[in-house]
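Heads up, the next two complexes both have chain A, just with different partners, chain B and then chain C.
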Partner chain A sequence: MTRYIARRLAFAVPTLAGIVVLVFALLHLAPGSPVSALGEGSGRRVSQQAAHEMQRLYGLDRPLPERFARWISRVARLDFGESFVDHRPVLARIGEALPYTLVLNGLALLLTLAIAVPLGVAAGGRPEGSLDRASSAILFALYSLPAFWAALLLQTLFSVKLRWLPLYGVASDLPEGGAAGFLDRASHLVLPVLCLTYGSLAFFARLIRSSVAETRNADYVLAARARGLSRRQALWKHAFRNALIPLVTLLGLVLPGLLSGSVIIERIFAWPGLGRLYFDSILSRDYPVILALSLLGAVSTLVLTLVADIASAVADPRVRDGSIS
Partner chain B sequence: MANPRKGVLLASIAASLAAGIFLSSGCRDKPDRAPSASTRSATPRPAAVAAPLGFLDESGLAPAGEGGTLRRRLSGDPATLNAVMQSGLPEQEVLQYVSRNLLDLDSQMKVVPGLARFTVSPDGRTFLFTLRDDAVWEDGTPVRAADAVFTIRSIVDPKIPSPVFRSVFDGLLSVYATGEKTFTVRFRETYAYRSMSFVLPLLPERRFAKKHFLSAPDNRAPFSNGPYRFVSWKPQQEIVLERNPRAWGERGHFDRIVFRILPEDSVAYRSLLAGNLEETRLDSTGKGRAAQDPEFAACCRLVEYFDLGWNYIALNNRSPLFADARVRRALTMLLDRAAIVRNLFQGSARILSGPWAPDSAVYDATVSPLRFDPAGAASLLDAAGWRDSNGNGVRDRGGREFAFDLLVSTGTTAGRQIDETFAAELARAGIRATIRPVEWAAFSERVDAGDFEAASLAWSASDPNPDPYPFWHSSQWPPHGLNSEFYKNADADRLMEEARAEQDESRRTAIYHRLHRIFRDDAPVIFVATSSQKFGFSRRVRGLVTSPLGMFGIWPGPLGWWPAGEEGGPAARPPSSPSPVLR
Partner chain C sequence: MNEAAAAGFPAGRAGSSARSRPGRLSRSARGALAVVAFLWVVAAVSPLFSARAAEIRLNDRLLAPSRAHPFGTDDLGRDLLARVIAATPISLAIGTTAAAVSVLIGFSVGATAGWFGGMVDLVLSRLVEVVLCFPVLFLLLALAAFLPPSPLTVIFAIGLTTWPGDARFARAEILKTRDLDYTRAARSAGASTPRILVRHLLPVAAPPLLVSAAFGVGWAILAEAALSFLGVGLPPPMASWGGILAVAPAYIEDAWWIALFPGLALFATVSAYNLLAAGLREATTEKSVNR
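Up next is the complex of A and B:
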């Protein structure tokens, strides 16, 4: 087991280094610069002299390897520098947006699992049954609805016409404390969480369905049934547990997404999360912020896939001894 | 993001930061009707006539309400609230409430006193300023000459990014205080539009002492010397201002101003209908929807006006394709601008014949635009040697086909549609233009470097400075300046030099009228049209004034707006028929 973990860790380090170099190079070689990004929508044309001065100020007149060396040596000391846009520490900007994205995406993931797991198990228990067919039709219909379109429709219905739910934002103008404040914040979450959930339902429910459908006829499930367990007990206690292994691997890939935010949903609901920060930073070529966010994404993906690998190794001895990958 | 003016635009520099109008100073077309009156003419004006249409002026109405909250929209989070480092419209729209400018621009685009009065030396190089005695910061301490000196020195400091103001202080020789309230600014040369440089908010010097300028706390919480003071800023959410109890001079009519940061146009529109926003910009699609939406008519009105912005298609004058003025003229004659005005802008646009909007003070309305004339264009192209010698449908000369890439910024819808019309017309005339959408930062980098053959652009709205020198003089070719088209004409160069040194306004205008004719005939770019700016406004807000500089970059501009009754109250009820702007 230790050897397995050590082997995975040894792979993670060069992967991370590769990602870092690649992101840095792509970013700086892409056309445009923090200076040329100014003026969109505002109509300002920066004079050539001011542009040169700004390039120098941000160190963009230096050769690329020098810029990389300078950046990586600061990152090694966990110093991600200051944003080119507002000159605040990059970590302060990320720290500001991170909780909003975590709450939104975390709730959406929990809700997705809360619906997808029972639905997937029930549908997988009787493949091609009426529930399976109906749920697959509905889930794929939902999956194919574009989020921005659904979000605008939901806003029009619930916020403009019915006025049940707030249109956007994280809280009302004059936030109240206690239960009322909590309800106010919760009501602001309803529509964005809904929009993030409905599309990923299909993904999870279908995955669980197919692995349950696969395991439900396995010998050990049949044996459990022969021992006198009900169909339901056999399904949940034996088929579902084994079907969880691919889900764990999948979660390892999905959890880093909690940090990446959703650009479209965050823009439509004016949600001050990481997705908007990332998107705006790319448009404004705010290199320090883009690099820090990319690094955050890369590290969390590596760590969580590592955790998922270890978890499935714990759950499945065949992974540990290398008989399956 | 649907703001169509995303092209490379004129440095709007000083003017766009201006915060004021003197309402008494006579605006055009004062309505003598009741509040919802508007003077917008619905008649399309395809001709390039500098007619004062589309102006709304409610400054003559006595404010019938005070207090409450005005909720405005910002399409993006400001980068900073430091006046010197600002780079975009969101910053300007917020700062206008908290920072008074040294000088202001009124709705007639005239420079008027703000925080200070000034006199100029006879040679036009030395400016003597006197600050108002009653001008104080929000803690009651006076606004001092030292603050102005500090601000201007920060602008020219190469260690401080000041993309908006840096270029307007080119040629600065010295700036120094001569007393508690007086200071002197000296420049190397005389410049006709110098006073516009001082449409400039000030920073309080002592609050930046011993602090790193780029990360000073005041950059996120500006210290006020204006009618409102800063309360809070939740990044990507909202900015709140309240009345400054120490305000001197003119005061606003609302108790609080809330700026909501809403990136999506369609959400802002819904927010307007839902009654939690008082204004938002509309694009052409949004205007079309609003005009047919009974919910919009019930709560809101459309405000539409022309400003100083305009669309054009830049041509690289150094390219063998476009070096010949006959070819550039022919291309202009191949663009059916009347059809663009009619179809694309639904009539709310005007054709241009030169590098200014028709409402600019120097536009010569007697210079008629080149006519749409495919046959005439064909003979000009033939005369320039571009013929289809091999019968493949594309003109060629010396073995080179007349084919080029037409860049357009992905953020603009109007520019893209203009390009499509143009490319279709060119194809019929045997010229192949391929439209290449490019993301803004990459687009503007190529345009500024002059690295393009043709590009679809828009000129900024809010700068009253008509000086063409920085953009059209041959000394300003990249990498030195912003003449990205590499235009060169010795006569035009000389006239531009004369004009910027000419102190007499009428003589200067006469020079610009001569230049206008040269520009029309040289066609350094394809001048397309100026299209209207469109906003949805809640009926709860009155006192609006539009100007060629827009509604925001003038004094008092938004500070003159007032609340027309409580939400749902009698004054907020919609009139029985929608305001004329809707029809």
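Up next is the complex of A and C:
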């Protein structure tokens, strides 16, 4: 066990280094700079002298290796610098946006699992049954449905035509307290959460379905049935438990997908989370924010994957000795 | 989105062999193939509509669908049906070439890692892992926004961000076949590495790779649409379906048709490619089982 963990941690070190280098290279080797973003196209005129001033101020006139070394040493102390846009610390801006994204994606992930687990177990329990076929067709359609288009259609139907739900935003302009305020906020959450949920739903439901379908006739499940457990108990207590292991392993890799989805959904629904912060920073070439967000996103994925791998090694000895991955 | 695309839609219909014959496409996959063929025909005749798609008539702004304009008109009075047709070759061509770039990079990296193993595999697998840690859209946006706006930028941005999924896939395929008896027999008979790769491994690995490529086209069309929708895709006046959809949020209160029809074309296309890919997988998997 200790050996497995040590090996897994050792593998993560070069990956971490790769992430750091890639983030830096991506932004500093690309043509265009925050200064050029102020110039042509932005409608603002910046004199040559002002441009040089700015470059010196942000250290953009230093050679690449020096900039890299400085950046690394600051990042190691979790100092991501100040935003080019409003000159506030990058971490403060990220800290403000984080709760919004957590609420949105946390609810979406809960809803996804709440639907995917029972659906996957039921469909996998009777492969090729009517439920399995119907759900597989619907999930396939959902998988091909572009999130931004679904968002536009839902907005048209529920916000414009029926007027049941708000079009976008976090809360109505006039803040209300108590239950009314809570309902108002909740109603703003419905459409973005739905849009984030349906995409990952197909992935999880099919994953659980195929593991349950595979294990439902395994000896230990049949043995459980022979001992007198009902079909339902055998499926949930034995077949589904086995399906949990690949599920846990994949949870770490779900994070980048959620962040990607957040960029589009938060933009459409004017939701002030990390996805919108990233998109706005890209448009305004706010380097420090872009660097910090990509780095934090990738590193948290790496950490989550590590935790998931170690957790599945704890749960499953076959993972430890490498007979399955 | 990226995870599902990387792993492919985990359909894996275990035990559906009773219904569909091995080595043949299922009915739904043949239907999807017909839709794909129809789309390419539309793309071929689309130049006939490009003049109409570009014609601005400010008196006809935001007209609801009618006999004269079956899909309605947009914010500049352009006929939406003509625009959707004119956008077809753009979306298809970018999706296909971007998927090809991704497959080419992914398969080269994955096959190299799988074939040589050892240190080469270790290093290349770390590289794949590094890219997979990033949210695809983060990388995609950075590349698309920082490189000069052009179709090539969009193609390379999508290709350079989606190859890790293909690489993992190709690596696994090569690992499966590398140590099979006939491969070892070929090696002991003195066959060169390129010859073994092309003559002995490629034919076996080709069907699953084809499946992965077909899923890749669906995903690439979706990615291009998302970029253009966000305003960092193709430069105007080139318009893909995503580009037409970009103005839809501004007119959501008055003109639902701007959101509906280009999105429908996008949805139909992506579904068709995904269904085709799933059908190809079903057909090729059963074939190999029967062998």
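Points to keep in mind about this one:
We adopt the following convention: the second predicted complex is superposed on the first by the 312 of 325 C-alpha atoms of A that agree within 3 Å, B and C clash if a C-alpha of one lies under 4 Å from a C-alpha of the other, contacts with A are read in each partner's own complex, and residues count from 1 in each chain.
Simple rule for what comes next: a residue touches a chain if its C-beta (ideal position, glycine included) is under 8 Å from a C-beta of that chain, and two chains touch if they have at least 3 such contacts.
As the structure is a prediction and not an experimental result, all values here were calculated from the model.
If you put the two complexes together on chain A, you find that chain B and chain C bump into each other.
In the superposition on chain A, A:Q155 makes contact with both chain B and chain C. In the overlay built on the shared chain, the residue A:S135 is in contact with neither chain B nor chain C.
In the superposed model, A:E96 lies in contact with chain B only, and not with chain C.
When the shared chain is aligned, chain B and chain C each come close enough to touch A:L167.
Once chain A of one complex is fitted onto chain A of the other, the partner contacts of A:S312 are absent, as it touches neither chain B nor chain C. When the two complexes are overlaid on their common chain A, residue A:Y278 makes contact with chain C while staying clear of chain B. Contacts of A:N242 after superposition on the shared chain: neither chain B nor chain C is touched.
Look at A:E82: by the touch rule set out above, it reaches chain B but stays clear of chain C. Shared-chain residue A:L26: touches chain C; no touch with chain B. Contacts of chain A with chain B, set against its contacts with chain C after fitting on chain A, overlap at residues 30-32, 152, 155-156, 159-160, 167, 267-268, 283, 285. The touching residues of chain A, when paired with chain B in their complex, are 30-33, 35-51, 53-54, 56-57, 82, 85-88, 93, 96-97, 152, 155-156, 159-160, 163, 167-170, 173, 267-273, 276-277, 280, 283-285.
Looking at the complex, you find that chain A touches chain C at residues 11, 14-15, 18-19, 22, 26-27, 30-32, 127-128, 136, 140-141, 143-149, 152-153, 155-156, 159-160, 167, 199-200, 202-203, 206-207, 210, 213-214, 250, 253-261, 263-264, 267-268, 278-279, 282-283, 285, 290, 293-294, 297-299, 301-302, 305. If you check the complex, the residues on chain B that touch chain A are 1, 3, 5-6, 8-13, 16, 75-77, 79-80, 87-89, 92, 158-159, 161-164, 166-167, 170, 214-215, 219-220, 234-238, 258, 260-264, 266-267, 270-271, 273-274, 276, 295, 309, 409, 411, 438-446, 448, 458-462, 470, 478-482. Chain C contributes residues 1-4, 7, 9-16, 18, 126-127, 129-139, 141-143, 145-148, 218, 222, 225-226, 229-230, 232, 245, 248-249, 252-253, 256, 259-260, 263, 266-267, 270-271, 274-275, 278 to its touches with chain A in the complex.
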